[in-house]
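What follows is a set of structures for review.
First chain A sits with chain B, and in the next complex the same chain sits with chain C.
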Partner chain A sequence: MGRFIVRRLALMVIALWVVVTVTFFLAHMIPGGPFDREKPVPEAIKKNLEEKYHLNEPMWKQYLLYLNDIIHGDLGPSFKYPDRTVNDIIKESFPVSAQLGFWAVLMATFVGISLGSVSALHQGELIDSFSMFFAILFISLPSFVIAPIFQYIFGVKLHWLPVANWGSWKHMILPALSLALGPTAVIARLTRASMLEVLSNDYVKAARARGLSGLRVLIVYALKNALIPVVTYLFPLIAAIFTGSFVVEKIFNIPGLGRYYVTSIYNRDYTVILGVTVFYAAFLILMNLLADITYALLDPRIRYE
Partner chain B sequence: MALLEVRNLQTYFFTYAGVVKAVDGVSFSVDRGEVLGIVGESGSGKSVTAMSIMRLVQQPGKTVGGEIIFDGINLLNLSDREMNAYRGKRIAMVFQDPMTSLNPTLTVGYHMMELLSRDPNLKTKKDKIDRAIELLKAVGISEPEKRLSQYPYQFSGGMRQRVMIALAIALNPDLLIMDEPTTALDVTVQAQIMELVKEIQEKYHMAVIFITHDLGVIAGFADRVMVMYAGKKVEEGDVYSIFENPLHPYTQALLSAVPKLDMDRSQRLYAIPGSPPNMIAPPPGCRFHPRCPYAMRICAKKIPIAAGTDNREVYCWKVFKEMGVVEGV
Partner chain C sequence: MKKFRVFLTLLLVFGLIFGMFVGCGEQKQEQGQGQEQGQGQEQSEMVLRYNLGTEPETLDPAKATGVPEMTVMLHTFDGLTRLDKDGKPQPAVAESWEVKNDGKLYIFHLRKDVKWSDGQPVTAHDFEFAWKRALSPEIASEYAYQLYYIKNGEKYNTGEITDPNEVGVKAIDDYTLQVELEQPAPYFLSLVAFPTLYPLPEHVLKANPDWPKGIDKDPNLYVTNGPFVLAEWSHHDKLVLKKNPNYFDKDKVKLDKLVFYMVEDANTAVQMFENEEVDMIDNIPTAQIDQWKDKPEFHIDPILGTYYILVNVGSDKTMGGEKNPLQDVRVRKAIAMAINRSVITDKILKAGQQPAYAFVPPGIPDAEPGKDFRQVGGNYFSEDLQKAKELLAEAGYPDGKGFPKLIYLYNTSEGHKKIGEAIQSMLKENLGIEMELQNQEWKVYLQSRNEGQFDLARAGWLGDYVDPMTFLDMFVSTSGNNDTGWANPQYDDLIEKAKYETDNAKRVQYMHEAEDILMQDMPIIPLYFYTNPRLVKTYVKNYAAISLGWVDFKEAYIQK
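The block that comes next holds the complex of A and B.
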């Protein structure tokens, strides 16, 4: 296992290098540059700016300079927000997105797994039809539909919760719910399907024939073995949700990392594009590694040599 | 009084296509220390009978009628919780496929300790480990200390079935139900497991219900044999009379289908003509009559009543004509 993790971390470096390279050249291929405005910047100033950020150098040299920086942990300055580096941006906004994401993932996991298990145990009964109806509903409804509906009902009409902005825990509920509902529905369906398969196994029947209590059979025999597909979905989801959602953060005006994914591209803010992409890629790769480790914990037959 | 008395058991499956009467009015009893063999082809209702006794028939199946009197108590009247106390402790079961009967993500030791925690005599963890080791030894697993911490996938099929048997006898049940415990194993392992089962049955003097479709397996083990066909009992008697003098045409056909070592190799194995009945709309009268070489007109009209002698019960109009009705059945 130890050797497996070391090898995977080594592979991660290579994967990140590929991500950096591809993103770097793709970003620079977008027409226009960071200092193109509606009202053109005077030629001399533009030249000075480009010199300052080495944008006048040939592409291969810029690439090598960037690689050198990133190896030293420096994601470079932002072109759009000159007083902040990309490291600053991530440091400021990632905790916000991660906090929101944490509650969303927590809810999706607990509610999803519970609903899925209950549905599987009562297959075909009312509660099953009911929860699977809502699962389909929330899988089909994107967050940009759910979020405004929530804002309208709970913020505008009922005044229970703030409509938008970021501050107290009350500000977190609606965006976290909007983020969580889709994944909750997916996890519920995954758990249900996988649980039904496990429940039909002989070892579940045999465990019941040994007189083990229903709850014990459910948790130790069925749920644990049914969780592998859920884990496969859950860990990449953590990476995606923790690093922020453009849509939800935009709608609720949350100062998270999500909006930088999109705004940095239309600002041609090369370093921010690269920085957030590499950050997300690294997070995603780590989560996949964690998923693989979790598989081995759930099922002893899975061994990595 | 018998340890287990099953009276007029009816377990039906309510499928979309119709009601399958998988077990349709079967009665039998098992005494303490007695071995009852239940034989019949696939779909004859043997396993459903066993699962009905355990009260583990799964949806859409349901036991809709009859009584299962175990040690004076009708199991069908117990609450789920009360029934759970019987399972494993007083009635244990060994299933057909050892490869899938153990949870692949738990160690063999975990399976055993979990069960042994219900034994009030084993107070400390060490007591339980000692008992688990003793049980594994009893079923012929070498190096039991090491084996306890291993996972099922590290065991062969025969070894897993030994573990299943160890689990089944762990709480000294009065009745052990074995549902084709050797069918999924290869022949040499089958013989070893049968040796083990016999040894354990004699040692603990347990009542055993042994389900199989292999008459050869049952011949050297059972005291009594019940033959089932299409959800009904067709014949029951002590093992010698069933094998020496089978009376029901179906039993006779089953016995003719057993391959013999001294058989001429050019000779084809005997197979019962026709195919098993459609269980949603079984043939009227005697369910075997479309495949029976002796079928008479009455066989297609009326369900046979019990015929035979005191220790013999046959449900066949031909036998009825020859022998008359059994008293008291």
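The block that comes next holds the complex of A and C.
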């Protein structure tokens, strides 16, 4: 297993290098630059800006300069926010996204697994149909539809929770909920399907036949194996929630990293585009690695060399 | 079971890692709690909450370019003058001034009681230092051209001269600032109220050359001289200003705290307003205007701006490769006269916008006090379908026959799309002209405009200062802002003459004549003059809505 991990980490470095290179050249290929404004900047001033940020040098040179910086851990200054560095931006906003993501994942996992298990155990009954109906509903409704509805109901109408912004536990509830609903539904359906498959297996029937209680059978025998597909979905889900939180962050005005991911492209903020993309790529690759390791640990049939 | 235990352990480890992030968040929450509370929670502390709408790019007066940045700095700084609610410059740091040499020499006498927030006195040296810094090529300030009025300002900024001492701003002594101009600028007193010309604390910048880097972590580093000081800056979240105890005019300041939110989603902002989480917002989504129009919270504030159509006059061919009919002035006039502007202002925008039949908006004084430039200039044309059809026929396209399809370019936005669609249907119905809508992402759109990759393009212009020149000098043939390809030497000449004219009446006359030419040739088709609709809680009093788009809370207060 150890060698397996080392090899995967080495591959990760190569993958990240490819990501940096492709992103760099793609970002520079889009028309428009960071300093294009409706009131165009006079030529001389534009020259000053370009010199300052090395934008007037040949593309390959800019690329190598950037690569050199990134190896030393310096992701550069932001073009749009000249008094902040990309390192600072990530350091300050990623924990916010992580917090939001953590609660969303937690909610999705617990509620999803419970709901899915209950549905599987009572297959065909009312509770099963109900749960699965809501599951389909929440998978289909996008977060930018759900979020304003929540804001309206729980904020404007009931005054229970603040409509937007960040800073107290109250501010976390609606955004985490909006973010969690879709994944909850997916996990519920996944758990249910997987659980049904496991419950029909001989060893479960045998355990029941030997007189073990329903709950014990569920947790010790069925759940562990039913969760294997769920766990492997979980890690990419974590990555997806973190990177896809842009819409929820924008609607609730949460100072997370997701927004920078999208707005940096609009702003042609090259350093932020690259820094955030590389960061997320590394995160995604790590999550996939963790998924594979967990999968191997859970399922004795899997062996990596 | 062993595997299960391993899995549990992994889950725990995972949980711990995230717990760390949660922990980091907890501390911030403690700080966040107290400041969030709105009115009445902080023992009679008067707090006003305003939605800035977006994160300020920087709080360095030399580098700021947008309204959000300038709104914040308006409250933390005072320039030589400060604009009042009518947009007129009033003495601020400068208590008096002398204008000599036919408007080319200004001598400002500064007050002796203005202090920086760290207690140090504000002197003329702070102005000289700040202006030279804004002009220095290293700073690469985008608004450096606001200082090109100053002698050798442009030359120093472009590197033609390298000695900053040759720039025409000099502190004669601690409280006297002498400014030499390249040409007389009657609105210079308004210009010195502009953020790029704010003073900077020389002693702080010498000690911190990277200033204002780090003010988000240490707000005390942001040493300023205005009615408020920076208390907290949480990026993309909020900015908190508190009353400056060292401010020379502090008796006029009634608010204890200003909270600026940065909510970009306009619908969320309205929800916050309804839920009492914010006291004032700009930028009301048009879909919501109907339900607010008749409420006392709905304010229509003035803003100097014109929404117009750019016509590509410079290209011989249209985007579709056919002969460009827009090069014929009769075609341009026909289009201008065939658009029913009230459909746009009353049905789509609904915030009191006025149809425009000229380019310079109302709200700018004319030569005679009490008169308005637009009022004196009047309307240059009217909507006349009959005449429009005649002109089009004269140009060789009766009823639009043989008229090539035109591309109308706009930057992606629901609002611009609706306006484009309205114009498209009007031109088809009234003149038989086919127009295709094309939207591009903002920066791509700017580039396309710049490169002439359009037939018609939507555009808007907001004034930088309260004078017709900020609108008219856009269309001289050498201006980078002139995307039409139109060049008229008479126009260029009149603008040049106006820039150097010391007699204000003559100067304004030149500008009227220039606008005459612009509207006769019509390389741009004006549609409407902007307004600035806002939602303001009824307990917010005495804020100044400055027609450059800013709002000034210096003397505002809450009355519940």
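Just so it is clear, the second predicted complex is superposed on the first by the 303 of 305 C-alpha atoms of A that agree within 3 Å, B and C clash if a C-alpha of one lies under 4 Å from a C-alpha of the other, contacts with A are read in each partner's own complex, and residues count from 1 in each chain.
Note that a contact is a pair of C-beta atoms (placed from the backbone, for glycine too) under 8 Å apart; a residue touches a chain by one contact, two chains touch by 3 or more.
Remember, it's a predicted structure, so these values are computed and weren't measured experimentally.
Student: For the three-chain model obtained by superposing on chain A, do chain B and chain C clash or fit?
Tutor: Superposition check on chain A shows chain B and chain C fit without a clash.
Student: Check the residue A:Gly2 against both partner chains and state whether it touches chain B (first), chain C (second), both, or neither.
Tutor: Touch partners of A:Gly2: none, neither chain B nor chain C.
Student: What is the contact status of A:Tyr221 with respect to chain B (first) and chain C (second): first, second, both, or neither?
Tutor: In the superposed model, A:Tyr221 contacts chain B only, not chain C.
Student: Could you read off the angle at the CA centre of chain A, spanning the centres of chain B and chain C, to the nearest 10°?
Tutor: 160
Student: Mind working out whether A:Gly73 is in touch with chain B, chain C, both or neither, as first, second, both or neither?
Tutor: Neither: A:Gly73 stays clear of chain B and chain C.
Student: In the overlaid three-chain picture, which partner chain does A:Val96 touch, first (chain B) or second (chain C), both, or neither?
Tutor: second
Student: Thinking of the overlay built on chain A, is A:Pro300 touched by chain B (first), by chain C (second), by both, or by neither?
Tutor: both
Student: Who does A:Pro58 touch here: chain B (first), chain C (second), both, or neither?
Tutor: Neither partner.
Student: Check whether chain B or chain C contacts more residues of chain A in the superposed model.
Tutor: Comparing chain B with chain C, the partner touching more chain A residues is C.
Student: Once chain A of both complexes is superposed, is A:Ala206 in touch with chain B (first), chain C (second), both, or neither?
Tutor: first
Student: So after superposition, what is the minimum Cα distance from chain B to chain C, given in Å?
Tutor: Result, nearest C-alpha distance in the overlay: 6 Å.
Student: Same chain A residues contacting chain B and chain C, which ones?
Tutor: Looking at chain A, the two contact sets intersect at 224, 298, 300.
Student: If you look only at chain A, which of its residues touch chain B in the complex?
Tutor: 123, 201-203, 205-214, 216, 220-221, 224-225, 298-301
Student: What residues of chain A sit close enough to touch chain C in their complex?
Tutor: Per the touch definition, chain A meets chain C at residues 30-33, 35-45, 48-49, 51-52, 80-84, 89, 92-93, 95-96, 98-99, 102, 148, 151-152, 155-156, 159, 162-169, 224, 231, 250-255, 259, 266, 268, 294, 297-298, 300.
Student: Taking the touch rule as given, give the residues of chain C at its contact with chain A in the complex, in rising order.
Tutor: 3-4, 6-7, 10, 18, 21-22, 24-25, 28-29, 32-33, 36, 55, 57-60, 63, 65, 137-138, 140-142, 144-145, 154, 157-159, 212-216, 234-238, 261-265, 267-268, 271-272, 274-275, 277, 441-444, 446-448, 450, 460, 464, 480-481
Student: Under the definition above, what is the set of chain B residues touching chain A in their complex?
Tutor: My answer: residues 54, 56, 58-59, 80, 84-89, 92-93, 95, 97, 100-107, 114-115, 118, 151, 153, 164, 167.
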